[in-house]
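Each of the next two complexes has chain A plus one other chain: chain B in the first, chain C in the second.
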Partner chain A sequence: MSQETPNSRPQGQGRPQGRPADAGSPRVSRVDASVASPVKFFFASALLWLLVSSVLAVITAVKLHLPGFLNGCEHMTFGRLDAVQRNVFFYGWASNALIGLNLWLLSALGRFEFRNGWIATLGGLIWNLALTAGVVTVLLGSQNAFELLELPRGLAPAFFVAFLLAALWPAVAFARRPTSQVFVSQWYILGASFVLPVVYLLTQLMVLWFPTNGVLQALVHSWFLQNFLLLWLGASALAAVYYFLPKELGTTLNGYYLTTVGFWTLFLFAGWTGPATLLGSPLPLWIQSSGVVAAVMLLIPLTITTINFFGTLSRDSGWSRSWNNTTLRFVAFGLVAYTLAIALQIVFSARSLNAVVRFTAFTAGQQQLLAYAFVSMVIFGAAYFILPRLTGAFWPSAKLVHLHFWSCALAVVGSVAGSLFFGWTQGAALAAGKPFAETVAPQSALLGTVCAVLFLIGHAAFAINAFGMLTSCSSSTDEGRHA
Partner chain B sequence: MNDSHRPNDRHRRPRASYNAGPEGFSDGRLVEVHNQLARDKEEPSEGFSLLPVFVVFLFCGFGFWAGLYLTRNSGDFNPGSFDLDAPRAVADNGPKEFEPDPAKGEKLFVANCASCHQPTGLGVAGAFPPLAGSPWVAGNEERLIKIILAGLAGEIEVKGAKYNAAMPNIGAGLKDAQVAHIATYVRQAWGNTAGPVTDAKVAEVRKKVGSRGAYSPADVLIEYPLETK
Partner chain C sequence: MKNLNLILAGVFFTVAAPFGGLLLSGHAQLGALGRAPAEEGGPLFPAKEPGLAIQGRQVYLELGCVACHTQQVRPAGQGKDIAQGWGVRPSVARDYVLQSQVALGNRRVGPDLANYGARAKSDAEIAAHLSAPAAGSSMPAYAFLFSPAKDGSLQPNERGTALIAYLKSLRQDYSSPEAKLKQ
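Showing the complex of A and B:
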């Protein structure tokens, strides 16, 4: 970071990238200014929820090896805190941040100014109020037995409307953009923004409001989870990657003509992978097998993103340049994680392997690899790029950026590797017929706590930096930025 | 910063490794350049790239595998089959019971027999004898099976008309069950009312026939005289 090669732009940690270091305070373009308030709102709420989630994660992790910890009151029991932590992370942190990121990317790529930014802010307000109400309800002891659908069903309409206001309304505005050209990021954002409300609505109806019979509930729920992870979180983060790689490296994407195929095959097959997470369940065999086929067919979008991203990065010393660029360092980390996550998903949809890791921490590790090591790291990278352009301020501290990257990277590598390793050994022990208590490695809980603390440190560093910038007031508008 | 690139790029399409220059892309330029990339594939001067062809073959391979996997592991798309091992366990309990199937019989008849005997079973006057209402196909089933398996050559009288043509040993190339389906179909279609034929019976007759050539009608009649109505 400190050494600068002659052809790299002058850039250092803690400075917004892509503009000369000596240009004084960064200026806010008109396009950015038009979305600044909703995007800032979404990022600020995401940050607050991230802190809440990190604290809760530390508590639940400690409870796993010190069951007596904070045991005095029913609101702090593991079952409730774990559900709250999960929902806060996915709906509070990841979804808030991605709605903001998508909003910003759509306006930047479409080069249009939002006239009614307050509608998106209103959506964000409803979203966060609904989440708060849901968290309180779960803490008071009422939750549904479906992962990521734990919040009471009465809040679903609020989430639905909030998402329409915050994410679909910009999509409508996209149709009125001044230029007819479309970039791959825009497809992914629109795809993701249409997938989430449809899948959420149908799942709420079929699982919570008018529950279907028998295994169909589990099938619909797995469909929801895979869509949420791969097509809402995953596709939105891919949109950001497709933008930041060429933007920050200053070169075109490798094999750009393949991106259409990659987009359509991802959206075609990812939604079908749900049954592959339910292998061995009493689902009709053909549904399980089509899930396996869909998971394996993810090889097609994976091949294409590999050609696109790693092809681009391996040109012109792209790897070392992205290592020296705050945004790209996070994004490249996320890319490797994405490739690994999809590869694991493909390999472990094989029936024989899946039988070993089913019901172990292995699947949690896979989920974390996708949702944290890929999606969250990309969001961090994007925040380092976007927030200075919205606030017109620099990142206050370069040291905190370092601290953020290293503690989060170490924590996620340790946590994912631990889950995968201990999940696999536990699965093998269970398959060998050992009693359950003997299959649980105490080291896994300890490792989990260490990683949770590391996550908290990293997130705190990020939050201090970001709030320092969000609260600093500087808003000189530059009408001519690159437009 | 755009202006420094534009005059150049109007004449030269962006190449795969197009570089935006030291200041990077503006958002507008980023979209524009990639749009061009998507529109014009690659320049002829770049030579023929093997990558797209390779990728197409690879993806076709995935598709082929997917078809195979689904066919083999879908339990015949039966909503009641849940376990990969279950159908196999049932199949191992013993050979499947043969059940005469008129639909299969008709399909096999049309494919193997109907070119001479006609789909109507009426044959062709003066050339091929009819099967509908023929005493040769009713009665003892071994007679019919032998003719199908070994063929028939020589003058034959059916329903008062004389025919003289050679029938090849069609059944020699068919499985026992297939011959049984055909024979059952012939014995029960077009108003015929004889009993069905099983694949076990066909196997038994096939042993007797061995590798002998076509029967003459007289040979058949010695063994199995026509049952009078």
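Showing the complex of A and C:
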């Protein structure tokens, strides 16, 4: 194994900036050009879904304090829009972007020219068509009762095949190249790309196609959800962090020798943590306790990533350099969120604490901390690095980059802090014996709406910038320039 | 760690271990769980749902009610669900064995519904709540589940009637071998 080291690529461009007045187009290397088509497809799809998700999030947030809002039509019921928003965010935005990001990372790390890009693009096309069909079906009135499995089971084969084409096949193809170098990021990408299809397939079979008995469905679902969040989204985002942090800081990773243990312990324990999200449920106690033990064991990978990442950031004024680098500003933000998210998961798997916050907004805040404040922010940071290299264009506007960061950062801090605070206070009031109706804080829904609008503004700024760049793409490669 | 076959094999093991340790073991324990009487010779519980309630369950799922309502009563010491009046005993695995799709839920924007049928007073009360929720409730009105009758009043239509039947069928107020009701 070898450690990611800085190479000859241009380093971070300093403070967020758009096109320099006297600059030409950045170069597109041959390696980048080989993956440009599928990666741009995945990022463009992800962006469109992100906008859809943001608009839906505003509508559902308003509905929580004004239930009559857009309530004239059955298809706009909160229960349906909420499911659609969640699926669009996780399968449309996060998964599309991570498939694209993983593809780019694999080719960049291997200096490998990807020859069959159309296969990945075909996978992406199937993925997005399946998601569109799923969204329409849910809006028309057919959904399942399990988070992130709401889409009709008939679409599962399409998602499965699409993922094999778009992510697993390229990952295995890249990873099996005859080379002596294997990077930490590649372990994570390979692991994530292997875990998702296997877990998705087994879960579909056991929950929707041949349902297991009663509450076992909830157990299988919790196993799926934790794998999806920690080992698909989380591990893919960690792969990006292991790449960008040392590269953009131009340094080696602190405590590199620990990365093997960090990788294996995360994969070993994350899959067992599902039942820790079902404490107090009708499942047997031994199953719930296994989940709690596994959640506590996440302390090991958390400690290692903390040593790796924060140790690296603490050297040579790494924090201030990160703040002045567009990509690292997002990545460092994400790292703090990741650490908090896993730490909260460990602490709140304690039965007494879990009993207080379970079923309140607190758990939604925990999920947002991981899926948005960590995963999405890392994706944004990666996009600021990758897209100029794929399109041969600069980001059109530095102001929009600032607007994007500050809107999303403020929104996610406000939203997560609000969910944690109001979730905890509601749980504490319920524990003190207050009637349920008196424990609901209307300020919580209001704050949620303000944050949803801020998210929409930030995402619109990002989308305008990104589509400006994607549509002005230059096809100039190193080769072309030399000719 | 250069051997990628080894990495793939290791990752396979990390997926297989919880699959076997949690899911298959759980299945071995609960996979064949069925209805049972609280005492020998007594009636079997949980009771079978009437046909209309089964249709109503579909309406409940279609509308995504699970986004805001759970259907599980936690034991005393793990939350105050029973003190809230949401159930008379904790939910047990056997309560769910007849459900083709279990809607335990994980968020309570509204109250738990595991034992709603036992505390709802009448069909009319449920209908009134669905057509015009009380002020201050986060729940929207489900006008499309109702049609105007000849006398001008709103009456539940076919789907509305089914949903009401389903909500009334939600009961966990019987004794089961794992959770006996206190006499």
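Observations on the structure shown:
Definition applied: the second predicted complex is superposed on the first by the 452 of 483 C-alpha atoms of A that agree within 3 Å, B and C clash if a C-alpha of one lies under 4 Å from a C-alpha of the other, contacts with A are read in each partner's own complex, and residues count from 1 in each chain.
Note that contacts are C-beta pairs under 8 Å (C-beta built on N, C-alpha and C of every residue); 3 or more make two chains touch, one makes a residue touch a chain.
Source: prediction; values computed, not measured.
Placing chain B and chain C on a common chain A by superposition gives a fit, with no clash between them. Looking at the shared chain after the overlay, A:V412 reaches neither chain B nor chain C. By the touch criterion stated above, A:A167 is placed in contact with neither chain B nor chain C. Of the two partner chains, chain B is the only one touched by A:P246; chain C is not.
In the superposition on chain A, contact of A:R351 is made with both chain B and chain C. By the document's definition of touching, both partners, chain B and chain C, reach A:P284.
Contact with chain B, but none with chain C, is seen for A:A108 once the two complexes are overlaid on the shared chain. Using the contact criterion defined above for the overlaid structures, shared-chain residue A:V198 touches chain C, although it does not reach chain B. More residues of chain A are touched by C (comparison of chain B with chain C). Contacts of A:L229 after superposition on the shared chain: neither chain B nor chain C is touched.
Once the two complexes are laid over each other on the shared chain, residue contacts for A:L258 go to chain B alone; chain C is not touched. With chain A fitted onto itself, chain B and chain C come no nearer than 6 Å, counting C-alpha atoms only. Touching of chain A by both chain B and chain C, each in its own complex, is seen for residues 182, 260, 282-284, 290, 351. The touching residues of chain B, when paired with chain A in their complex, are 1-2, 14, 16-28, 30-35, 37-38, 41, 51-52, 55, 58-59, 62-63, 65-66, 69-70, 73-75, 77-84.
On the chain A side of its complex with chain C, the touching residues are 1, 63-65, 67-68, 71-72, 74, 77-80, 82-83, 138, 141-145, 147, 150, 172, 175-176, 180, 182, 187, 190-191, 194-195, 198-199, 202, 206, 211-220, 223, 227, 260, 264, 267-268, 271-272, 274-275, 277-284, 287, 290-291, 294, 351, 354-356, 358-361, 363-364, 430-431, 433, 435-437, 440, 445. Within the complex, the chain C residues that touch chain A are 1-2, 4, 7-8, 10-12, 14-15, 17-19, 21-23, 25-27, 29-33, 61-68, 70, 72, 74-75, 77-80, 83-84, 90-97, 99-109, 111, 133, 136-144. For chain A in complex with chain B, the touching residues are 7, 9, 18, 108-109, 111, 179, 181-184, 243, 246-248, 250-260, 282-286, 289-290, 292-293, 296-297, 299-300, 303-304, 307, 315-316, 351, 482-483.
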